[in-house]
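Shared chain: chain A. Partners: chain B in the first complex, chain C in the second.
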Partner chain A sequence: MSTNTVDRQTQSAPPARRRGATLTQRQGRWGLLFAAPATIHIALWTGLPVVVSIILSFTNYDMLNPPEFSGIDNYVTLANDPVFWKALGNNFIMAVVGIPISMLISLALAVMLNQGLRGNSIFRTAVFLPHVTATVAIAMIWLWIYSPGGNGLLNIVLGFFGLPNQAFLASPSQALPSVILVTIWQGIGLKMMIYLASLQGIDQQLYEAADIDGASAVQKFFRITIPMLKPVTFFILVTSIVGNFQTFDLIYNLTNGGPANSTTVITYQIYQTAFQQFRMGLATAQSVVLLVVLVVLTIISRKVTGGKDD
Partner chain B sequence: MTDTAFPGTIDAPVGTEQESARLKADRRQERRAKRASASKQRRISRFALTIFLIVVSVVMAMPFVWMFLTSVRSSPEIYSADMPLWPTEWHWENFTVALERAPFGIYARNSFIIAAVHTISNLVLGSMAGYALAKIRFRGASVLFGFILASMMIPFYAIVIPEFLMIRFVPFAGGNDLFGQGGTGWYDTWWALLIPALVSPFNIFLFRQFFISTPTELMEAARIDGASEARTFVQIMAPLIRPGMLTVALLAFEAGWNNFLWPLLVTSSTNLRTIQLGLSVFRQEAGTEFNLLMAGTTMAAVPMIVMFFFFQKQFVNGFVGSGIK
Partner chain C sequence: MTLRRRDFLAASGVSLSALALAACSGSGSGGGGGNGGGGGEISLLTPEFAGTTGKAALETGILDGFFEGTDYSYKVDYTDWTKLNEKLSTSVAGGLVADVIMPGAGWVEPFAHKGVLTELPESLLDGLPVNENLLAQCRYEGKLHALPYFVDGRICIYNRALFDAAGIAEVPTNLDDLREALKEVTPDGGVGIDLFSSNIRQTWSHLLGCYGGRLFNDDGTAVAFDDGSGLAALQYMLDLVADGTANFDVKGAEGQPRPWQQGQAAVDLLNSSLWPSFTEQSPELVTEDAMGMFLLPSAEAGGDPVMWTGGTLLTMSSRTQHADKVQELLSYMLEAEPLLTAVTESGKVPARTDIEDPVVTDNLMAQYTIDNFGYATAFEGGSPAWMEIRGLVAPELEAAVTGQKTAQQAIDALTAAAQDALSRV
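Right after this comes the complex of A and B.
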């Protein structure tokens, strides 16, 4: 902008050109003005923290004394910390078990919904509701459903079939599966709606052509529907993994990571290390690990989906 | 689709006219029967499908129903070994008892203020930035857009510690000196709850997408008519993306109302607790009194559920468009 002003003074361009320059110049200034507040805010509250996170991860810091440079000590500590590996492993199990199951269910439901039955919208509401509801509220509800006494809903159901009461969240072996069940229940709605939107986007002519060729419904499903849903399936997969690695509210309110760390996850470890033990350096190292995992995942997905964001 | 007979079937040549007529009638009858059985089959399968979907809906909605049914049970009932599925008596006073034990009214007010402020700030700041990125050519625009895209990738949990430290060490606030030492900064203040989430990169991105599909001619026409850039934006361009505005507003409101971790970290006084944090704290208070806890949970969950019923389509579009919560 300032160079333009200099240009005008030294070169004395013809009036027409000068006016054009000032117009784009004025526009450019407005563009910066419009974008500035949000940009400054994000630079301050997202950009700066990322830099600070990375720097602090190489220090020892307890908030009382100034940070002390400690090299890669924090990362070495993490590499040798069985609880941190347990947390990563739990995130991994939740992703590998929970996501495919909820994706399969949501795909099946979306295909059924796509038949255009009556009462469609009521059904959609029921399935989507868990997604809109606060996770804290959902954790409270399931805490009660999983109640290990005879008055928990699931134990009532088990009792109806003559099965013994289960401990669910209180049992180190059942807690993680119980948490996964909640994530499946909560996650179906959004995945189903994305699948439904993408099913409705499939060109009907493909099915008509297949009809003429005498294809069966099963053939049509596996030869047309499934291949056409491939990109959206990948999209759902990646966003679900990214979301899964950010599970916190549920763990905090449902299990506190227990019993015996059986349900702890990486975000819960960050919370504990930073805000219960005040080992900020170590906690930022954990958050940098999380950051790297998620950024790599996101970049891969953007590459694969062909930079649709742009 | 396949069950209706093909209309253009050509009859095979037959001997006499009578015979052909009879054959035709036979065939017609056969065809009709086939069609009837096929449509009957289809009706049955559609019926089965509907039943199945009803069962799924009931299973999906059951936790909410159970929450509500529990919230009106009497205390002896929830402790009894063989609790009836349907409450024997409806104790609406559980809600008043829960309200006496914890100030859910204050919690709800706080959450509403946060959600409302974040909705407005995201609408204003987000639409301005999105408009600039989509419609105005300026130096550094592409760098800026790359920056927004990169910020979208950053998970909140990766930056929560520095954000907390920034709140804690804000200079000249809460007894702090120039270097942020000596006091508590913005810790346990409204500033901490409101400032960091004023605008999210994702909403800027959404606004950019909305503005890209608006006609640039309108903008140019407004300019030629002598409207200022600010007026062009406020009076001509922004009204074009009203549906998009509603989507962002709902997403921002939902995020504000349902947020838990940040208020947990930066507040300590009861008066600043949000509804989800208040509910989480109330759980310790209520202990095993699940009827009271479920009454509190109902109060925390219902406003969002009601909003969802009103704006279902926009909600779904917003979430499906974003794909992320």
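Right after this comes the complex of A and C.
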């Protein structure tokens, strides 16, 4: 009997040691429990569709009949499709031209507004307004501004200066720059607000120390402001790239990808392929390519902006 | 029994997964079935009757009159033409197809081929005063799958003052004459004819008809516009651009008056359903004294003029559980009074030719379209692959019109794309 008691005590000793070790494990389990809803949510609504899309990209699927495995046919079709490459190229042009310009303008505006000028809030609201305005409404306004006839606002202005009418959205050579201008105008507001918030978070002691060292305004801007904005610049760059490659509603309402596919973008092509041509397999292959492009661009952005996003 | 944390975690995980799966399966199965008995709900999918007044016209003005006192109710899903295709396709994929669908010209073959639309009895046409030309777009493999509800014709309107000033008393009777006449009437800084405010694909297919061509062969399995007619139609457009009598840059923006209304075009190739907006925006221009009308003439001297016709059709889903009641509804919607309510709202041309109400008779464009039903042809469609092909047409035509491709290159590319689509049917 006593032996048994000793045995039990002996056997119960290791759990006493484990109790100390399980504190971390317990925390880990609670962590898992708290993370479970978000994990399940992401797995179901993001992970699963991504996996299904990748699978569907290797099939012929028209929504009405069951998918048929087609190997890499869809990817071969994409590789040989000039319109797809045109769309991809347009996205790159919009990103390479539009994003840096809009970031520079946003930064300049944010620095100006950070000086505490009079009418600050009115100006801030005005710049932010395009971001919260429905894209359909924006497109309608810009359709009028760009109207190729004599009643378009820009052509009226050109006419005032004795310049000839321009086709803008009706011209294959002018349509994409015209669209880029709208994306810049539309995107400045949010970027400016983020820059402004970040500027206001920079420790003023840094500037005071620089003043004591005799640094000029330009030196302070390039040696303190810009480096301190690096994390937020990375954030803006990545979200702008992702947003740029997801541009759809503006193209849909402004140009329908035309004229002659001169303003088509990947998301518009995905829409056309999926919902106008019912080639879901091909459309998901386009989506997979878009996903890969975005991942690669995000990695490159990370490298370009210094490898830190915190 | 003690409840350990591990058990709790496992149970939570299983429960959440089950809950999520249950939620998924619940939403997927909700649309099946229907009441096959003496009552139920009939659903309609329409790209027409937009906005508050449109909804009131359809529901209060038309549907209430049919459903009142019956065991049936109705539900209307409103969309617009640009979204009808995806709405219809996704609803088919989701198993929630409306009982009554209102597609357009060219839609019957693709959706009948896919088994979405079902055949209608020919008896629905008994006593219905509808021109036979309007029924071509309603048939698939020779069988009736749709009824024409209201239509729109592509007609040319012209500014009489400009024609009078140029000394042109008679409207052109062939495309060569039209080309020459346009050179005479082109206003300064404007164009002779506004070819591009309307859908360029439809304009081209209209001209295709003028050259005696069509998009597909009889059974819709092969391209037919590669016989030279497609090239001739596109080349004609390029010739007008080269003459300076048509210009891709001169076209009306969304929601704004068209160039013809602004004096920038002598002739406008337009959709007859624009009458309400024209009478509202520029009533002084659309009187019989100020405006003349003609149909696009044939390419051949002495040939018949050509009227491109589109329209809104009434069709029945193959999955409906209430086929008899749906057919009754379709017949009712084509009765004179409900149809008049519909065309009053839409400004379009009733498919029936016996409506003498001022809404129709005072609409000069509608009346002209009705008077020319004998020349009406729906040039779009004709193949089960049409929905896939139609989105590919405009970019190729635009490339030619803007000088990026020759007409031959554009037609060759279009032919190849169409053949590729046809090969998948």
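FYI, the second predicted complex is superposed on the first by the 247 of 310 C-alpha atoms of A that agree within 3 Å, B and C clash if a C-alpha of one lies under 4 Å from a C-alpha of the other, contacts with A are read in each partner's own complex, and residues count from 1 in each chain.
We take it that a residue touches a chain if its C-beta (ideal position, glycine included) is under 8 Å from a C-beta of that chain, and two chains touch if they have at least 3 such contacts.
Keep in mind that this is a model prediction, so the values were computed, not measured.
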| item | value |
| --- | --- |
| First, second, both or neither for A:F275, with chain B first and chain C second | both |
| Which of chain B and chain C A:R118 touches, first, second, both or neither | first |
| Chain B versus chain C as contact partner of A:P259, first or second or both or neither | second |
| Touched partner set for A:M140, first chain B, second chain C, both or neither | both |
| First, second, both or neither for A:I99, with chain B first and chain C second | neither |
| Comparison of chain B and chain C by chain A residues contacted | B |
| First, second, both or neither for A:P148, with chain B first and chain C second | second |
| Chain B versus chain C as contact partner of A:L229, first or second or both or neither | neither |
| Touched partner set for A:L32, first chain B, second chain C, both or neither | both |
| Which superposed partner A:I251 touches (first chain B, second chain C, both, neither) | neither |
| Touching both chain B and chain C, residues of chain A | 26, 29, 32, 37, 63, 140, 143-144, 147, 150-151, 274-275 |
| Residue ranges of chain C in contact with chain A within the complex | 5-6, 9, 12-13, 16-17, 20, 24, 85-86, 89-90, 92-93, 114-116, 189, 248-256, 259, 262, 264, 387-388, 390-391, 394-396, 398-399, 401-402, 404, 421, 424 |
| Of chain A, residues touching chain B in the complex | 1, 24, 26-32, 34-35, 37-39, 41-43, 45-50, 52-53, 56, 63, 109, 112-113, 115, 117-119, 121-138, 140-145, 147, 150-151, 153, 156, 185, 188-190, 193-194, 197, 207, 211, 235-236, 239, 242-243, 245-246, 248-249, 252-253, 266-267, 270-271, 274-275, 280, 283-284, 287-288, 290-291, 294-295, 298-299, 309 |
| Of chain A, residues touching chain C in the complex | 26, 29, 32-33, 36-37, 40, 44, 60, 63-64, 83, 140, 143-144, 147-152, 165, 167, 170-172, 257-261, 264, 272, 274-279 |
| Complex contact set, residues of chain B against chain A | 1-2, 46, 49-50, 52-54, 56-58, 60-64, 66-67, 70, 78-83, 85, 125-126, 128-129, 131-133, 136-141, 144, 147-149, 151, 153-166, 168, 195-199, 201, 204-205, 229-230, 233, 254, 257-258, 260-261, 264-265, 275-277, 279-280, 283, 290, 293-294, 296-297, 300-301, 304-305, 308-309, 312, 315-316, 319-320, 323-325 |
